[in-house]
């Protein structure tokens, strides 16, 4: 195929960009952020090419696969490709990366140092894209780990508040998770003698004994659940978000969290179907606890960023619920929810970052009231993002949650009644989400007429945020645009599970 | 792209444009809003001309697979309601130009109204359940936004949040109901799903019961009614459009849309009837003791909506829709007139009104007609529509409906009682606003500008003549009876019957008479009981105690739990590891002899252990 | 009984290094310049390296009767020899600064290092317990002198003494163990011992002997409970010597461990649990105590203790399902190779920084990135590698490779301990890395920015070599993980 | 002569050496203790050599090596002690604790 260079290029371009930033001299400080925009634009362009080359009719199979033997001693091949499950996430990553780069042009967080900042963002991009493209367990794990160091630097050096502590918590916690996940991968590799995700998904993994599958699945899920984050493993998230700089938060919530749930759909469900069938109800229970807990905890927070962080726990709960149904609808819901949450929470963190830049804080106590009046456009965007996040039908946030409920009505696993109880509880989470977002809007957006006006949304901010707004609306009114891509791939995944059912 | 979808999209686009460009100039914002709504009305007229009652217009959706979206169905019912929605929306938009003259955020206001119109139309023409959900929820959002239009006031902020959350509670049921419907019937197409559900009593009962919760929230029925009176904090045109004519009626409309499914669930119908009875009479009684013009009308709306729900419960869908349409005109008229009064006087408190007859003649006449229509005085629209509900109740009492006859009797009795109470509060409202000593001379109250009173005059027309449309089978009944889910040709004319007419006339006279008799009593000085009734029978306190406070307590628990237990356990692990480090560090004091001793000891221990292990 | 042949070519790596040691001493005597000695030493090592590769598969010092040879170069041995030779060369580069400013006398230094290295080259090629113990002593004894050589450091003697006492005691214990093994089997050559071990179950005497033999190995690799000397000794020694102790000396220890475990593969139920428990303790204690360190070299010392624990894991995981073989040895060798590159790199940076800024405590590293960005980036890279965090890919991959073994063996507790230990380890590497890039907060840091007059480009070369190696391993991990297969 | 007698001697020597190692504070005495341990090794090696009637006399030849090792160790050890004495004016081993863990 002529397009075989595309996916590697998608990784190499930001990698070279990061290297260039490492090697660039002090003079580069001035143009570093523009360079970042250039590289991310190139990446976005490549992503569009990938989309153009991608055959939607065959989205159930891996496309544009590139394969190279790399470390035979570990059975590791450098094998990447995209299908209907990973492509949307690749696009999301490129897009959010681009938005972050544009945002960073004029708004590198304190203390500046644009070269390092841009270099780290580009390195982060490599890790994120790689994770979604990897078709080898160990390669997946490596890319999974690649994002850690850059994100740690971003939080620890460009963050605020207890940034060092939060950064350390973030990395130690997630490393513990990923090491556990690695143990699970090793079980799979040792048992099957293969690290090829495609082969494993196509029945090689299912040949493992049920007990081995259970061990592996618990370990892998445990690791991924930290990243997702699944209740009660979410503790690192609020601190990390509170401390992280704006683009750090955006990418953390927008992309990094997705790596966990993506891993479940990509690896655990098709590779370990027997185990998944028995674990799914527990996963669903945790998911629903997360939904309710996230919403309730959100309501109790007194900091804008923490509210959003806990809301992520709730939203990812819906994604987990979707996965745990193991049904076509449910997994589609999870993938949709991933993308929607990436866009919406990305936008939320951008806007909150904008507020922080203008007012110097995100704590309710320090924020002036009536943002709607002091900066109407910023206020509007906050309202828009909040409404999207609380699951307003017609905006992207709703469909993932709605379809997760539909999936929970007809789970593939036998525990139907249990799932229907969960369905009701999860739906209650949607009201709770409305409660805390309205509280936020009432506290931050509305209020007596302000004495001073804030700078309203600047051109560069519009530029970096508009794509997100547009996509939230587009996916809200035309969810099938995305579902058409994911569905065939999801069917393949679900078929592998269906065989494991009694 | 079907015309139906176009009808939805035009105001939606107007909303978008209004938000993007409206800030530039007021006239532009107004032009976009009015133009958008007028275009929608044009499309609605066009659709009506296609005679959808004879042959429903089906529009297929977009996308395949899991979530096709955008299917539309325009049958007679939808077409009729769409016309009403567009008509009232247009009048409200025009009215708002005048009413919101001083409003700094007019452009977003007009845009949100346009968005609301689009959402309501989406509900009306929805051919799939998903479009229905979108419209349903976006309406709620617009309601929230518009109630909170004046968010500088704490009252408006609170009312907006309350409205959204209370309806959202009902919407949990609604959404789960839709999920059940989709899950059980494996289709998202509304007609197919309804037909399939109607064949399965269990699914019908579960789904219609759950969806009913959403309906109760949207249509402000007991026990989810408490938000509507507070919603009067929004501007009057908003109250007229959303909280009187359309959104609150959407609940009724949705039940009508899914009617075959409801008919298959008699238990739910009975529940609806009971709820309607409670709401009908309770809200009317509360309306009698309100101090605020708009709150009287709000409680009245709650009460009137209960009539429609009752009609639905009794199997009289056509009567419900008939009353819904007639109520839309008269109540929109009343709210706009009330808005005119508030605009002119600067307050809606009944204490501060009175004797405005001379200075606001047009408003006076139109509002009087509106009140008469509300009470149901012959030959205004309200008379015929209310009679149709009473006739349905009578038939049900004779056992001609899905529900038991006691239900019919109950509804009949409560309805008659409510007519009396309605007449009483309407009379009281009229007296307090228009009669009495002139109060306007000193404050310089003048009639509102033409842009505001013209819509009032226009609305008078349907409020007066609409009632006759149901007298012939070929007129309105054929229109609204024709749906995709039911066979054609069974429409019946909705004519009053002697017995009910006599009863209701007596009730009106008794009610209005009582209000006249007690007119000189100081109506505002109330005892404890009066305050209790005025506060909606203390229902807010019940909410506060049963929902809000427990919620906040649980939030407190969870937050504290997260801070202490979970967070601390994590940092505890960190601190613990560091402590372990300190502890493990302690033996290394630099004395090599100790080091060697422990090493030698370890060797001995290892040997012993291994010897034991080998031996066993 | 005659030794029939002495194949000098096969023996050449050891010989060249030993001769180089003498030449270096002479060269310094003649020229009076330490740098010349360094040059000679480097040359010897550079010559010896290809010779070692050439000798792969050869054997010599054979007894004609039963073809038992005293010097057998298996691919495994070559791999270990390569680690020793290259690492020693890097240490020499590192030390050039110390030599040129007189902190350590050049000739003696090179002589001692090469003497020790020749022993380390010998260790993996030995074929009996006697030669092995002698070779290990050859590695050890010069290092005590090396530690003590440091001028102007009153604690050097104490540092040397601690290592020395530990060494002689552990050697004595191990020798007793050897005598017990000899008493049990009547043989000392590995092959005969292996045959005996496969034929018979472990006897009490043999069990005790085998455990005692592990003592000297434990000392060399600084595994718990034979580790306590390492932090004190490393701290008292110069950075290059500490680097040598932590890499080359340790490699010799692992070579010995591989030989002993191969020999007694039949008795794995005796030594594997011991090694496994030691591995777990070493990882946990090493990492936990490292968390509390404030002195750069001490931190690296505890880190290298912990790293030794990781390397022990595959051997500790030898069970009935995972037998001693390539699965185990490749993991050990792979980790050793990577460890040599990244640990030497870290020591190289520490050595340069210590000489430039007089920096000893971690606090002195605050803001290094603004004074010497490349050194800081290199150190951060090495720390990331040691922690097993990308971009230090090789550090991560060898950890993965090591972890495969306990997972395969179903030895869950060991795998979990290693996982937990890795996370603890990450913490202190991070703290250090964070300091590198932190802004200087106090004004007295200015004092540190002045640079010592004596600068040595060769020390920087050492850093560069380590960076190059670590990057190369990261890009092509097979170079490390598949080293044995290539020899 | 039965094997147990020389082995008893060997164990005794080794044990006395270990005892001295653990309780003596004087570095010289510790060196001597280690010498005792090594001599214990030597005794047992010779005993085993005889016991096995080893034609290669591995045990005996090993004794030579042990003696060499011991000599080298003593030489080096004394040098280090000299250095220590110069710096500290003492060879009490429990006073050489300048390098140690510092609580932080």
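Each chain gets a letter, A, B, C and D, in the order it is written, and its residues are counted from 1.
Heads up, the rule we're going with is that a contact is a pair of C-beta atoms (placed from the backbone, for glycine too) under 8 Å apart; a residue touches a chain by one contact, two chains touch by 3 or more.
Quantities reported herein were computed from a predicted structural model and do not represent experimental measurements.
Contact tally for B-C versus C-D: the pair with more C-beta pairs in contact is C-D. Between chain B and chain C, the centres computed from C-alpha atoms are 77 Å apart.
Chain C and chain D, compared by their mean Cα positions, are separated by 25 Å. Once the centre of each chain is set as its mean CA position, chain A and chain B turn out to be 36 Å apart. Here the spacing of chain A and chain C, counted between their Cα centres, is 42 Å.
In chain A, the residues that touch at least two other chains are 172. Chain C has residues 161-162, 165, 169, 173, 231-232, 289, 292, 427 in contact with two or more other chains. In chain B, the residues that reach two or more other chains under the touch definition are 582, 585, 588, 590, 592-593, 596, 600.
Chain pairs that touch, as defined above: A-B, A-C, B-C, B-D, C-D.
Of all the residues in chain B, the ones that touch chain C in their complex are 577-578, 580-582, 584-585, 587-588, 590, 592-593, 595-596, 598-600, 602-603, 606-607, 610-611, 613-615. Listing the residues of chain C that touch chain A in their complex gives 330, 334, 377, 384, 389-391, 393, 396-397, 400-401, 403-404, 407-408, 415-416, 419-420, 422-423, 426-427, 430-431, 434, 437-439, 477-478, 481-482.
The part of chain C that touches chain D in the complex is made up of residues 1, 128, 130, 133-134, 137, 141, 144-145, 148, 154-162, 164-165, 168-169, 171-173, 175-176, 178-180, 182-183, 186-188, 231-233, 235-236, 289, 292-295. On the chain C side of its complex with chain B, the touching residues are 161-162, 165-166, 169-170, 173, 201-202, 204, 207-208, 211-212, 215, 218, 225-226, 228-229, 231-232, 269-270, 273-274, 285, 288-292, 424, 427. Those residues of chain D lying in contact with chain C across their complex are 7, 10, 14, 17, 21, 27, 30-31, 34, 37-38, 40-41, 44-45, 47-49, 51-52, 54, 56, 58-59, 61-62, 65-66, 69, 72-73, 76-77, 79-81, 83-84, 86-88, 93, 96-104.
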